[in-house]
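Note that chain A is present in both complexes that follow, paired respectively with chain B and with chain C.
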Partner chain A sequence: MARFLLRRLLFALLLVVTVSSSALLLTRLAPGDVTTELGPRARPEEIARTRERFDLNRSPVAQLGGWALRAVRFDFGDSFLYNRPVGGLIRRAAGNTAVLAVAALAIATLAGIPLGIVTGSRRGALAGTIRTVSLVCLSIPPLLTSLLLLFIASRTGWLPTGGMTSVEAVDAGWSAWMLDVARHLPLPALALALPLAATFERLQSQAMTETIHQPFVVAALARGVTWRQLLLDHAWRVSLRSMCAIYGLAIGALLSGSFVVEYVTAWPGLGRLMYEALRARDIYLVAGCAAMGGVFLAFGSLVSDLLLFAADPRVREGQTA
Partner chain B sequence: MKVRLLGVLITAAILAAGFVFWRSTVAPDNGSPAIAISEAQVRGGQIVTSGRAGPRTFNRLIGQEQSTQVLSMLTQGRLVRVNFATFEVEPWLAEKWDVSADGLTYTFHLRPGVTWSDGVPFTSDDVLFSVQAIFDPKSESFIADTLKVDGKPITASAPDAATVDIRFPAPSGPGLRLLDGLWIVPKHKLEGALRAGTFSKAWGTDTAPSEIVGTGPFVLREYVPNQRLIFDRNPRYWRKAADGTALPYLDRIVYEIVPDQDAELLRLQSGDLDLTQTELRPEDYVPAKRAEDKGTLKVSEIGLSPQADAFWFNLKPEAWKTDPRFAFVRRPEFRQAISYAVDREKFAENVFLGAAVPVWGPVTPGNTAWFWPDVPRYFHDVNKAKEVLKGLGLEDRDGNGVVEDAAGHEARFTVITQRGIGWYERGLADLRTQLAQAGIAIEPAPLDYATMIQRMIKSDYELMYMRFVTTDVDPASELDMWSSSGDAHFWHFGDSNPEPWETRIDALMKEQIATLDQARRKEIFNEVQRIFAENLPVIYFATPRMYYAYNARVQGVKPSVLRPVALWNADMLSVRQSGTR
Partner chain C sequence: MKAAGQALLIAIVLVAVAAPFLAPNSPDRQFDAYLFAPPTRVRVDSGGAYFYPMRIVSRLERRFEEMRDRPVRLQWFRGHLLSSADDQPPLLLLGADSYGRDIFSRLLYGSRASLGLAVLATLAAMLFGAAIGGVAGFAGGTVDEALSRFSDFVLVLPAIYVVLALRAVMPLVLPPAEVFALLVGIFALVGWPVVARGVRGIIASEREREYVTAGRALGAGPVRLLAVHLLPATRGYLATQATLLLPAFILAEATLSYVGLGFPDTVPTWGTMLHDASNVSLVAEAPWMLAPAAAIFLVVLAVNLLVQGSGRSPVQLEP
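For the complex of A and B:
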């Protein structure tokens, strides 16, 4: 187990280094740089100062090398857009994204997996309706889902129309602040969770369909196990293997790739920060966000492995052997 | 049976939810407590406003982005300011001033009793310090260039604590208007940074809000990156309303950071926002008007925009290298033919949904002080356009609908613009159709902002289409655009060999800026507009009517055609008594 964990940690480190270095290099090589944020009327000396400050006069490789050396000391450089160190910005944004991702994951799991069991194990109008709704949720891009939910919130007043907290929470105590965040959470979390829940439903449904056609199910039925018992105690557990494989990746993707939803709903998370950094070619902020995205992906992958480890005895045996 | 029952229940639930939603959208707001409407402005309450991004610095002498501008307008002061409604210069921290006989020295008498928000008295030392900080090379202040006349900086001296002499090195037509950009910062807070050579980093966004002291109506209370800025009333603010009420009226202004403009409009409609920093986009007018009909928003027509979308060819010869098309692109007649080919009325209808008027030059009727109605015009006439093109040797010889020169080089161009801006995309689609009738083909290539600007700065394009935001209506503020050696002479960057007409504009603008007689300045600038319109380095088609939407509970809003549309007047804003959030 220790060797397994060590291997995963090394993989995570490699992933973070690769992702952040690639992000830095690609941002550097893409057309335009951070000086364009100074606008079309920027003075040449202002542009020169900015290029100097962000090492844009050095070769891409030299710039990457300098950044990597500083990053080892946890100095990820400064952001042009925020004019402050990247590290603090990313920590705060990553925390906010984690809150959103956990909520979205909980909704998607609690809705998607049970619905997948239903559609994978039975036919009829109910299963058909769920499948149709799933397909709709999968087809609508997150941008549209976010705007639609925002529209409903603005017209009904049922939920706040964006942001993470309201002004009233500024002077409030810790518990009131938490409640306020909880009020703001459903809209972006739903926008993220709906397509994910549909994905879970489809995967769980497929896995369940495959499982219930396996010989052990027929044998169990012949032994007198009830259909409900069979589904929940045996078939579901077996079908979980393929879910576990995808679950961790979904965590990683949620944590690192929620930028559209965060942008539209003004959720101050990592995705939005990354989007703004990319738009402005804010090179060290892009690299920092990518590094944190890599950490999340590695974390998701680790969770996926651990879930598989727990759910599938063959994996456990393979590891111990 | 069970399945059917479940189906019926689900359908019923969906219908019920739909009904509730429909009710909430169409029902009049009778259920809420009646709002006692009081037109008299009173103190108290807060408003929530929004902007696309947060500030990069709290130091106005360093940061020039809009959020820093808003922050300064709320928290800082100037000796004089340009009123964004009348565009006149009015006294601010200086109560009055005298001008020397030669018109070069202004003696400002500071308003007595003004203190910084931390209680320290405001004196002439602060003004001298601010001028010193702006012109210190280590400060890297962008304001330094704007406070130079004929390339030389203004100078300041102080006979006593309540008087400041500001001397212009040469006659300046804009005169006092230049000082609208002279933000006064507190010496007692920033002197150390200037001495240490770290002024450019002072008052970064990680500075404690209590350190950001000012003479403005509000003080910064909190900044949460990517979320919001909160400003509280400055209890030591000097200004009073006509009835003697101490300003500002509001207790607090919250500036929410909302990156997406569609989401911003939805929040405005829902009442979560009171004000925004920008005018409505053409496509937002109808939903805003509907909200006005329901009584939630108020929509004001501000007037015609002082700027129009610019369409221009890259006139830098080096950019075209050996491309033979430059032979006709460089000819003013070719650009005049384009102007003839476009029906501006139709363009205004298609691009701005009718809420625009045709324009023929960079100064629009929205800039009432400097607009010249007699500027040369090229009224829509496709046959005339073809005739002019023929005069240049451009005809459709191969019958493919595009004119070409004798060697077969077609008048076909790629035009770059910013992706995601609705009216740019509509504008280019319309121009493509209209120019095709005259045999000129354009292919729009929308790019992200950074790539577009980079290509513009490197002169790596054939044609461009975008709008430049005006910061002041006086043409002197745009000298960098008019002057052939200016940093914003965008159709020909780094113009070392200007055309004779550009040299003439250079001389006229120099004369215009050094002229103190305003009528004479106008005459000279009319001549500049005439030369510009004859040579058409940039072609303009229409300028939009600007509309501004804000929450109906906010009083005292005087929307301006310049940005920030409403917060320039923040100390006079108030909310209706029972409409307090």
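For the complex of A and C:
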């Protein structure tokens, strides 16, 4: 277990380092730099000062080295766009993205897995309907769900259209602020969750169908285990194994999807910040966002491995990888 | 289900090919009197098809009404499948956008850019993936190790961020043809590892089969063995991958154009049309602006029907 964890941690470290340094180098080597943000009428000394401040006069490798040395001490440089240290900006945005992603993952899991158990183990009108709905949801990617939900929200006025807070809520108390966020959350979370729930449903359904055709199911039935008990106590646990492997991938999908959803619904998360930073060539902000994205990804695959560990006794005992 | 998916895909491709014939208007023509005009209702009587042209009643509320006293006859096969005469009000089957351009025609022309880009990028990704995966699986050893590690690494990254980063570090304003070439390149670069990994696995197991040994005994060189005997074994896998990559690339184009990093606004693609529809309060009153979303949905649905119908798993977690 310890060796396994150590290997995963090493992988995580490698991922974060590679992703953030390639993001930094890419931004540095891209045509144009952050000084274009100063506008065409910026004074030469102002441009020189900005170049100095963002280490643009040093060679790309020296800049990367300097940044890495400071990053080890959790100093990730300054953002030009926000004129603030990158660390705080990233923490805030990552928190917002995490709230969105966790809400979406919860919705997708709570909807997708039970429905998948139903469609995987039953036939008939109900299962058929669920399957059709899920196929439709699978075909509406987050870009379209968020546009569609925004449209519905603006037509009906049920939910606020975009943003994370209203203007009035900023000065209101802490609890009012939380309530306001809770009102803004359902739309982007649903937009992100719908396609994912459909994916979970399809995969759980497949895993379930495969499982109930295995010999141990017949054996259990012959020993008098009821169908219901069999599904919930035995078959579901076995089918969970393939779902655990999917969870790790789901984090990647959530990150990808959250960029679009954050952009469309103006949710102030990591994806939006990364986009702004890339456009402005805000070099340290790009690198910081990339590093945080790497942390999310590594965390996702770690969680997926641990889930697999918990769900499959064979992995636990180290027989198969 | 499979047949339905196939039929839908073929229909979409045919529509894209025949766009200039099917579209009633030029995609770039701006009808100044029809900004945000709602879709035209086509009516049929004994004399053929006709419609009532729209007249703007309130510019502020963008309210239109049909001019019941002035029916316009539609002509069949006058350069287009169905259109109104040039001096007559235009036929706007899906309404008009903020510049008074015909959304239906733009949608048809847009399918050419969106689908063409996705098809080319898919082909390029398959080509790279098959070549690199083939070599890795065939050669084995360190080459295999290095290539597999690299493609595993690329696979972990969320594709849209890689695409976004690669696109954003290029000059932001480019002519449409260069954007097209650039996007094909970027999509292929992001797409090939998926293909390569699967191809590598198939080739590595096929390599041990008797027919390969027989071929080698008969004097076939490694290139011939790989190209003529081994790669055909990956056909089925490649077909599945192509059907999964195609909608992913269509979406990637739509996403990039939506956020303003894809095609310039003047080029009709599904992405730029969605970009035009990014103003929530405008779209609430002109829902026909969301027509390209329906088009993308149809393509993805067709592919999902195809994949589900052939009993393959729909693992398509990337957008």
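The criterion applied here is as follows: the second predicted complex is superposed on the first by the 283 of 321 C-alpha atoms of A that agree within 3 Å, B and C clash if a C-alpha of one lies under 4 Å from a C-alpha of the other, contacts with A are read in each partner's own complex, and residues count from 1 in each chain.
By our rule, a residue touches a chain if its C-beta (ideal position, glycine included) is under 8 Å from a C-beta of that chain, and two chains touch if they have at least 3 such contacts.
All of these numbers come straight from a predicted model, not from anything done at the bench.
Once the two complexes are laid over each other on the shared chain, residue contacts for A:G32 go to chain B and to chain C alike. In the superposition on chain A, contact of A:S154 is made with both chain B and chain C. Of the two partner chains placed by the overlay, only chain C lies in contact with A:G293; chain B stays clear of it. Judged by the touch definition given at the top, the superposed model places A:T209 against neither chain B nor chain C.
Touch criterion met: A:L89 reaches chain B, while chain C stays clear of it.
In the superposition on chain A, A:R279 makes contact with both chain B and chain C.
Of the two partner chains placed by superposition, only chain B is touched by A:R41; chain C is not. When the two complexes are overlaid on their common chain A, residue A:T18 makes contact with chain C while staying clear of chain B. On chain A, the patch touched by chain B and the patch touched by chain C overlap at residues 30-32, 147, 150-151, 154-155, 161-162, 263-264, 279. Against chain C, the residues of chain A that register as touching in their complex are 15, 18-19, 23, 26-27, 29-32, 135-136, 138-144, 147-148, 150-151, 154-155, 161-162, 199, 202-203, 206, 246, 249-250, 252-253, 255-257, 259-260, 263-264, 271, 274-275, 278-279, 286, 290, 293, 297, 301. Looking at the complex, you find that chain C touches chain A at residues 153, 156-161, 164-166, 168-172, 251, 254-255, 258-259, 261, 274, 277-278, 280-281, 283-284, 287, 290, 293, 296-297, 300-301, 304-305, 308, 313-319. Taken in their complex, chain A has these residues touching chain B: 30-33, 36-37, 39-44, 46, 49, 80-84, 88-89, 92-93, 124-126, 129, 147, 150-157, 160-165, 167, 170, 263-266, 268, 272-273, 276, 279-281. Every residue of chain B that touches chain A in the complex is listed here, in rising order: 3-4, 6-7, 10, 20-21, 24-25, 46, 48, 53-54, 56-57, 140, 142, 145, 204-206, 222, 224-228, 230, 254, 256-260, 262-263, 266-267, 269-270, 272, 448-457, 468, 480-481, 487-488, 490, 581.
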